[in-house]
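Each structure below appears as structure tokens.
Look at the two complexes coming up: chain A is in both, with chain B in one and chain C in the other.
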Partner chain A sequence: MIVLDKVTKVYKVGETEVHALKGVSLKVRPGDFVFIVGPSGSGKTTLLEIMGGLMTPTSGRVLIDGKDISKFNDWQLSLFRRNRIGFVFQNFNLIPSLTALENVLVPMIPEGITKSLEKRARELLKEMGLGHRLHHTPGQLSGGEKQRVAIARALINEPLIVLADEPTGELDTATGAMIMDYMRKLNKENNLSFVIVTHDVEYIRKSDKLYRIKDGLLHHVRRVG
Partner chain B sequence: MLLFSLRNLARSRTRTLIMVIGIGIAVAGFIGLVSFSHSIKTTFHESLDVISGIMVMQKGAVDTPFSFVDEDDSAKIAKVYGVKTVIPQITGVAREIDGKKISGISFTGMYSFLGEDPAKAEEENLLRQYLSEGRYLQEGDENAAVIGRKIAEDYNKRIGSTITVNGYRFRVVGIYSSGIDFMDSMIVIPIEKARKMAGLPKGTVNDFYVEVDDPKKAGAIAGIIEDLFPEYQASTSQDYAEEMGGVLSSIDMFFLAVAGIALAIGGIGVLNTMMMSVAERKKEFGVLRAVGWTDDDVMKMIIQESFFLGLLGGAAGMLLGYLALAGAAGVMPFKIVAEPTIFAEGLLLSVVLGVAGGLYPAWRASRLEPTIAMRD
Partner chain C sequence: MLLFAVKSLSRNKTRTGLTVLGLAVAVMGVVSLLSISEGLRESVISSLEKVQLVLVTSEDAMGPSVSVLDESLMSDVQRVEGARTVAEAVIYPVVVGEERAVTTPVFAMGIDPGQDKSMKNPVISGGLVAGSMFSGTSGHKVLLSKKIADKYKKKVGDTITINGVKYKVTGITDPKISILNSMVFVPLDTAKQYSGKGQDKVSVFFVEPEDPEQASALARRIELSVSGVSANTVSEMAGTAESLLAEIDAFFVLISSFSIVVGALIVMNTLYMNVLDRTAEIGVLRAMGWTKDDVMKEVMLESFVLGIMISGAGIALSHVLKYAVLDNLLTFPTTITPWLMLAGFLLAVTVSLLGGVYPAMKAAGVDPVTAIRTE
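Let's turn to the complex of A and B:
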């Protein structure tokens, strides 16, 4: 379980302080499919980055399975991200020189690529319907294919949670819907938690947890089911 | 991660290739210059080892052709205790061999003639000891010549061939070979012919070559000769070695400085290449950090890349250096020694250079804030 407890984040832009998060509390349980919507500049990406250990909050606690990662140093955070978090980005963020298979394995390169890891990467790509695209580089893939590679990469470490920042932002509606379906399928079949930041409300279903973020404050919109 | 690093280098092939050639030239320069300097020293010392006697010349003369000594003094010097024999010599430059002009000052063609008294030639032991074919000069010789191996090779001469030097015809009766190119570039002829060729009056020669009973005492005997004949200077190979030592170490320093500059440029090249490569991949490093790479992981990858740049550059440098030395071997008057240790040093330096050039860019890349780097 992930618990955010009165998390604030203050940036300094020159002399002025920007309060990106003004005390956000949130609980994500195993199997939750959470949407966070909000206008740009509302602090939604900041929230996701704090949950994923990409940045530390100014105050408040971030508890992952009871451990407060807000006190972690850079090295601990790196290992935490490598072992517990799966990230999916709006612009895919694949390494252009590597093939789909290699891109999926990228997070594990520092630990060494084992045969079983490689097998897992192949299986993940097959599950994403990319069994025939293993050795293609991002340049040879469509947007939807790239995002599926990115999802496979997010899953290579068997994460506790997948954090997706506008995962459909650069895709057309049909492809976006397909990507969203993939994530729902993974959520259902593996009881894997997802937190998805988006402004595309059309993909949200009644069964999802929905939050709205505005001016650094999080509002629980509804919880159905 | 090794594969990933290599892949990154392969990604911008042209840049990597240019960099490898750049480092290669720097390393080749190092290998070439250091080998060169070693070769000069080695040749110099080898040739000095060959000369066991004392060279007596006119005081202040730059070289034997500019020195004039009284032939009658040879008998007086011969009386000095420890002197075995005194060989009066007349030397000059061979400007023309077999009717062909030898162009000015060239490294390849410094041939000279050396006139010795055939009657005394038997006592001479400077070149005679290296006789490899035929015989040395002997009493009664008028048009006989003993030539060095290099001349024999360059002009395709055998025993019995005729050779024309500065318009004078000789018959080759012997060939000597000391193994040192410039020692083997002499034509030994009867002194009276040499006198005509050099245009020296009777009773004057250029120098005396003094053989001693005990080479270890050559220094002391040279001192005595100088005391007795203040108008002469007597030098042993040791004196030459000392005199040349300073010059050689200056040459050494110069070569090292040039090699150092070449290497420094190579290092700056690596730094520049890696800085560019890091700047271009800023976003990528952000992604790597986001998916769980530590700052050390990123640093390690970039250092590996620059290590490979250094390694490849070093290999290219060894190849280029070898080719340059092989090319120089045919043109230079001394033997070029390609020592494996110099090549190994070149490779090592190149790797050190590569890693050193990668350190700062690697540090810079590892310090990137992942969230900021990714948004670029």
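Let's turn to the complex of A and C:
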């Protein structure tokens, strides 16, 4: 379980202090499919980055299975991200010179690529309907295919949670809906938690829990099912 | 991670290719310079060490070709205890063939065939491989060293132009002392006439000792007994040559160190540009759990791969330069020993690794949040 307890984040932009998060509390249970919606600059990406151990909060606690990661150093946070978190980005962030299969394996390169890892990467890509695209580079893939590769990459480490930042932002409506369906399917079949940040209200009916974030404050909108 | 490093380098093939080529030329320069001194060491010193002979020159001369001795001193040298045979010689630079541009220095040596033959181990005629030694001390007759005969494609009976005058080739010799390997040998009086040293002047005396073991003692006695001369055994000259070569090596190493600095800067520039181009990507790697050490390791691995590529290309280019240019230009063969190749390899890899340190630190310092958001 992931618990955010009164988390604040203050940035300094020159001499000005920007309060991106103003005491946010949130619980994500195993198998939750959480949507966080909000306008640009509302603090939703900052919230996701704190949950994923990409940055530490100014105050408050971030508990992952009872451990407070806000006290972790850079090395501990890196290993935490590598072993427990899957990230999906709006613009896919695939490495152009690598094939789809290699891109999926990238997070695990420092650990060493074993036969079983490679097998898992192939299986993930097949599950995503990309069995015929294993050796294609991102330049040879469509937007939807790229995002499916990115999702497979997020799953290679068997994460505790997948954090997706505007995963449909670069896709057309039909492809975006397909990507959302993939994530929902993964969530249901594997009881895998997802936190999806978006400003697109099109897909919010797919969520279990819906939050709205505005001016650094998080509001619970509804719980489905 | 190695495959990842190779793929990262192959992303900008032109940049990587130019870096490899630029540094390979530097490595080629270093390896070739050292191969020249190695070749000199092998061909000159090893042959000098085998011959027990005393060479007498004028005291202030920097080398045999600029030495001027009074011919009358020959009898004084002959009288020194332990001297078996003395042969005089005139050495002077010449232009061989019709060529106007002199690419390789050639020296002519004027000798008295009678004196040479009277030696127990004749210096010049001892190495005859074709024809015969000319007779007498005058006339336009010449004995060619094998290397010169090969270079100008001359055989016994042909004529060859030396300083614009035609000489008849009577024989071809391959002397034991390799410094004589690129000389032409003419009658003594002819040499006196053309060298401009004067009728009663010569350049050197070759002195054969009674006892080869006592060559060094003989050289000391000659210096004590005959004023104004310097006497050295050929093996002592090898020692001098060795110390000279050590100085040349030191000079070559100095030049090489400039290449190292330039090379390291080139690698640094290439890898730094690569890191800058890939800031967002490095941010993503960090976001996905690569530690700072992992990122640093990856960039250092890139610099190592670059070093391997540079060393391979540099050593290959050194061989091309050796066979295509140096061995035709120089009178002695250059030698690229396995040790020299290893040195070239280590140089390229070390330079690359040094050049990789700063870009690697820069890459490790990329903040994942900033990099992803900038993207």
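The criterion applied here is as follows: the second predicted complex is superposed on the first by the 223 of 225 C-alpha atoms of A that agree within 3 Å, B and C clash if a C-alpha of one lies under 4 Å from a C-alpha of the other, contacts with A are read in each partner's own complex, and residues count from 1 in each chain.
The rule we apply is simple: contacts are C-beta pairs under 8 Å (C-beta built on N, C-alpha and C of every residue); 3 or more make two chains touch, one makes a residue touch a chain.
As the structure is a prediction and not an experimental result, all values here were calculated from the model.
Applying the stated clash criterion after superposition on chain A shows that chain B and chain C collide. When the two structures are aligned on the shared chain, A:Thr58 is found in touch with neither chain B nor chain C.
Within the superposed three-chain model, A:Asp74 lies in touch with chain B and with chain C [touch as defined at top].
When the two structures are aligned on the shared chain, A:Ile109 is found in touch with chain B and with chain C. In the superposition on chain A, A:Ile95 makes contact with both chain B and chain C.
Once the two complexes are overlaid on the shared chain, A:Arg82 sits against chain B and chain C alike. Residue contacts after overlaying the shared chain place A:Thr175 against neither chain B nor chain C. Residue overlap on chain A between its contacts with chain B in one complex and with chain C in the other: 49, 52, 54-55, 74-75, 78-83, 85, 87, 89, 93, 95, 97-98, 106-107, 109-110, 153, 157. Those residues of chain C that touch chain A in the complex are listed here as 1, 3-4, 7-8, 10-11, 280-281, 284-294, 297, 368-369, 372-373, 375. On chain A, the positions that touch chain C within their shared complex are 45, 49, 52, 54-55, 74-75, 78-83, 85, 87, 89, 91, 93, 95-98, 102, 106-107, 109-110, 153, 157. Residues 1, 4, 7-8, 10-11, 283-284, 287-297, 370-371, 374 of chain B are the ones that touch chain A when the two sit in their complex. Looking at the complex, you find that chain A touches chain B at residues 49, 52, 54-55, 74-75, 78-83, 85, 87, 89, 93, 95, 97-98, 106-107, 109-110, 153, 157.
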